[in-house]
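The following pair of complexes shares a single chain, subunit A, combined with subunit B in the former and subunit C in the latter.
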Partner chain A sequence: MSQTNDSSAPARPSGPEGSGSEPLNIEGLQPQVLYDLNQQALERTLSDGPLVHDIAPLSILRSEYEANDNHVFVKEIDWLIEHGYKDFRRVKGDGDCFYRAIGFAFFVQLLANPDSEMAVVTTLSTLTATRQLLNETGVQELVYEDFYDQMVALTENIINPDPTTGSVLTLEKLLKFFRDPQESNTIVMYLRLITAAQIQANVDEYEFFLFHPDTREPMSVPDFCNRVMGLGKEADHVEIKALCDALRWNVQVAYLGGQSKDEVNFVKIPDTPYPGFDPVVLLYRPGHYDILLK
Partner chain B sequence: MDARLRRVNKEITDCKNDKSSNIRIELVGDSPFHLKGSFPGPQETPYEGGNFDVDIVIPDSYPFQPVKMKFITKVYHPNISSASGAICLDILKDAWSPVLTLKSTMISLQSLLCSPEPNDPQDAEVAKHYMTSKASFEETARYWTEIYAGGPGSKAGKGVSIGVRDEVAIAGLDPQHVTRFESLGFPRGQVIDVLRRLNYRGANVPKITDDRIVEELLKA
Partner chain C sequence: MASIAARRLAKELKEIHAEGCPVGINLLKADDFETWWFSIEVMGESLYKNEAYTLQFRFDAQYPISSPAVQFVVTDGHQAPIHPHVYSNGHICASILGNEWSPVLSVTAVCVTLQSMLASCKKKERPVDNDRYVRHAPDNPKKTQFHYDDDT
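Now for the complex of A and B:
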């Protein structure tokens, strides 16, 4: 996300960050100024490191914002820590962070599911149905099958040993898989294709909510979906909703944004959760998603 | 088999099986990652009747990175370098998506020939020609199709030797203009270069004084 946002960020306001050592009164700032400040903090941490990081305490993120004099974010992080969200897992800010975060977090949940057999069977049946969705929306099989097959293979590997290594999926194997760009991107692409297909198959539900993330101009369904199907293009509420509906996934997004004063806003997608799976919890800061952990 | 090879093989087969698209893809040497594509010039364009060859290189991280394509056949088009064949097309850059294939990308090249985007040029001189006089641009593009892409009107197809090619028509200039400055004693090649660079065509002609041209010729 940093990629696309960097290029579109307006010229930096001349006031706040040049004001020396005096603490910044962030509450009176315009959202755009706040956004830019946040962006600077993001840029320092997002572009390096693996695609999916190890778990880290949320207090690390707190100290980064504290060093940046960003008191609203610090307050919001304190709220999260007080409410039991002590850790998080960073995901690289390359524009694919939403898809990579949700994909990784989903597999971690499947691994931890006490009835993994049932969870895998349910997931496989949902995945099978997405083939139909892809076919109906005109995605060529030769384009999607490698991505689809990899998604299915990873899911099956939770209960069945992989024929080449003879072992079932472990967290360590999952991390290795998600840190390899080629492997990781097959899952990202599968999730992107499903998201675009879900929007195309349900035009009535989505067509009035499709806006270009940078210009905020309305976009046509094909233009919007073409963007979704490209790597490195960030996701917003519409994409999250479409993906959750297609895969019957539940997500909660904790929005850090300096908007609310006393608590962090958690958005549940969809409004009424699909039965069977706990929600994946993501931490959103303007332009970026990480995985939030209790 | 690695994923990239599997995908490329499927794409080549898909192209072979599809007779309706007129897109052909073949191997250049032993590597499945260096290919040559070709397609006929689209109808009702200056490229009609020509056959256009494209050099295709599949990068290591294909399909996550865009395929690299450039024209082997020389093309006169605002979005294609007349010298190198480099192509200015969004899907070959930041608008690439792994859902695109060799075939769909080649079809996009065919569409690019139908609808030039002179405001986002790859070849600035050609784009200026297009904007100054579309009719004259089309005449030049047709001549290039004829001599480089084996288009209609070319008796010997691609076999026409350099000698019989009309350098003035290749540059998209008026022969009378070239002759006029040649008669002042400047070498023909130099006159063609300068007039082409100054876009001495159509409505631009009255705007450029003879003194200016002579000045440029003396500098050259």
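Now for the complex of A and C:
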């Protein structure tokens, strides 16, 4: 396949231009500074290229950090590789990476499910329930149904041939779908609407945990949910939890944080997995999600 | 090939025809899925009593994921209301049309929000940077990076 530019020169999340080969001592940096550096690096590496990349070995990411003398991340990536996570799939860093990553990874798992018929039927019944959730939280049908229909159609296409092409979903078709902004964003939007609705329907559970990601100020439920429903707004733990609860999905997030313990912190969401599906594993670097693969 | 935009707009239009627009709002023109016009009037007591304005919506293929381009019509005898967030070329500085847009909003919801923006106005005046903005403004207000300085 054509459009991966993984081999291009890695971005330098290091300080001012002209600092030459001076290694950056990243361990002494404040989390906020680290975050900003990472953001800049991500923006440079991820602003081009497809919405969902081809699978690449994790060693590529390692070498990018190594070239930047970012030893903490290198150590963490080594740990992942040693523990069997050899590959990853980049997702464009456009603020929708969490939703796109989890959506894509979920469909890949559904495709690979040995009992795909059962998995699809289960998924469809969960999707039907989200319709109710949306109605209950006052989202107009007119607003959600195109996104919902697309999500259902893609799910059904795993076992039923698409009426226009006469073929069932393949990984290749799925990639094409997720790389087309218009198609891809319908799934992202569906996931965003569900996330917001889940928070709204369970105010007691979430209301004290809603903070603005930049200012860290508390946010009201409506303000927070409005933000969730807009494209390009990044997701944090609260959104992940809400989405997983609404769709009965399981996620594990591997946090590369430069915290430099001897192992990488995997966060399981929810704490007790929903039965039926293996977790989707995401790789988190400050401000960005990719898909992590064994 | 019905795009998501066309499908959604067809449904919004059907609803407008079936249920009518909110009070003070009327559909003037919607004969394609690219440009719609509405008349907008503020009901009750306000600085804009007995004044009617024309709102133009332009949609791209990404609607409703991307926001519509919304402005007051200022050609053929139409004028933009004098308001601190409305430029004389018809462009509107409102966060819901920019970074706070959400696909949950519909065309009529936008009309109602703009109606209440007018209704709550305390003083008829142009934005302070009106002349400078209008001189350099792009044709499409969505290309402008507005700075939203208060809640409307």
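Methods note: the second predicted complex is superposed on the first by the 273 of 294 C-alpha atoms of A that agree within 3 Å, B and C clash if a C-alpha of one lies under 4 Å from a C-alpha of the other, contacts with A are read in each partner's own complex, and residues count from 1 in each chain.
Basically, contacts are C-beta pairs under 8 Å (C-beta built on N, C-alpha and C of every residue); 3 or more make two chains touch, one makes a residue touch a chain.
Quick caveat: nothing in here was measured; it's all calculated off a predicted structure.
S.K.: Mind checking the superposed model to see whether subunit B and subunit C fit together on subunit A or clash?
M.R.: clash
S.K.: Touching A:Ala119, do we find subunit B (first), subunit C (second), both, or neither?
M.R.: The answer is neither, since A:Ala119 touches no partner chain.
S.K.: Which partner does A:Met189 contact after superposing on A: first (subunit B), second (subunit C), both, neither?
M.R.: Both partners, subunit B and subunit C.
S.K.: With both complexes superposed on chain A, which partner does A:Ile158 reach: first (subunit B), second (subunit C), both or neither?
M.R.: So A:Ile158 meets neither subunit B nor subunit C here.
S.K.: Touch check for A:Ile269: first (subunit B), second (subunit C), both, or neither?
M.R.: neither
S.K.: Could you give the residue numbers on subunit A that contact subunit B in one complex and subunit C in the other?
M.R.: Comparing the two interfaces on subunit A, one with subunit B and one with subunit C, the shared residues are 139-140, 142-143, 146-147, 181-182, 185-186, 189, 193, 226, 229-231.
S.K.: Write out the stretch or stretches of subunit B touching subunit A in their complex.
M.R.: That would be residues 3, 6-7, 10-11, 14, 61, 63-64, 94-99, 101 of subunit B.
S.K.: Please output the residues of subunit A touching subunit B within their complex, sorted ascending.
M.R.: 139-140, 142-144, 146-147, 181-182, 185-186, 189, 193, 226, 229-231
S.K.: Using the touch definition up top, name the residues of subunit C that touch subunit A in the complex.
M.R.: Against subunit A, the touching part of subunit C is residues 3-4, 7-8, 11-12, 15, 61-62, 64-66, 99-104, 106.
S.K.: Under the stated contact criterion, what part of subunit A meets subunit C in this complex?
M.R.: The contact residues of subunit A facing subunit C are 139-140, 142-143, 146-147, 150, 181-182, 185-186, 189, 193, 226, 229-231.
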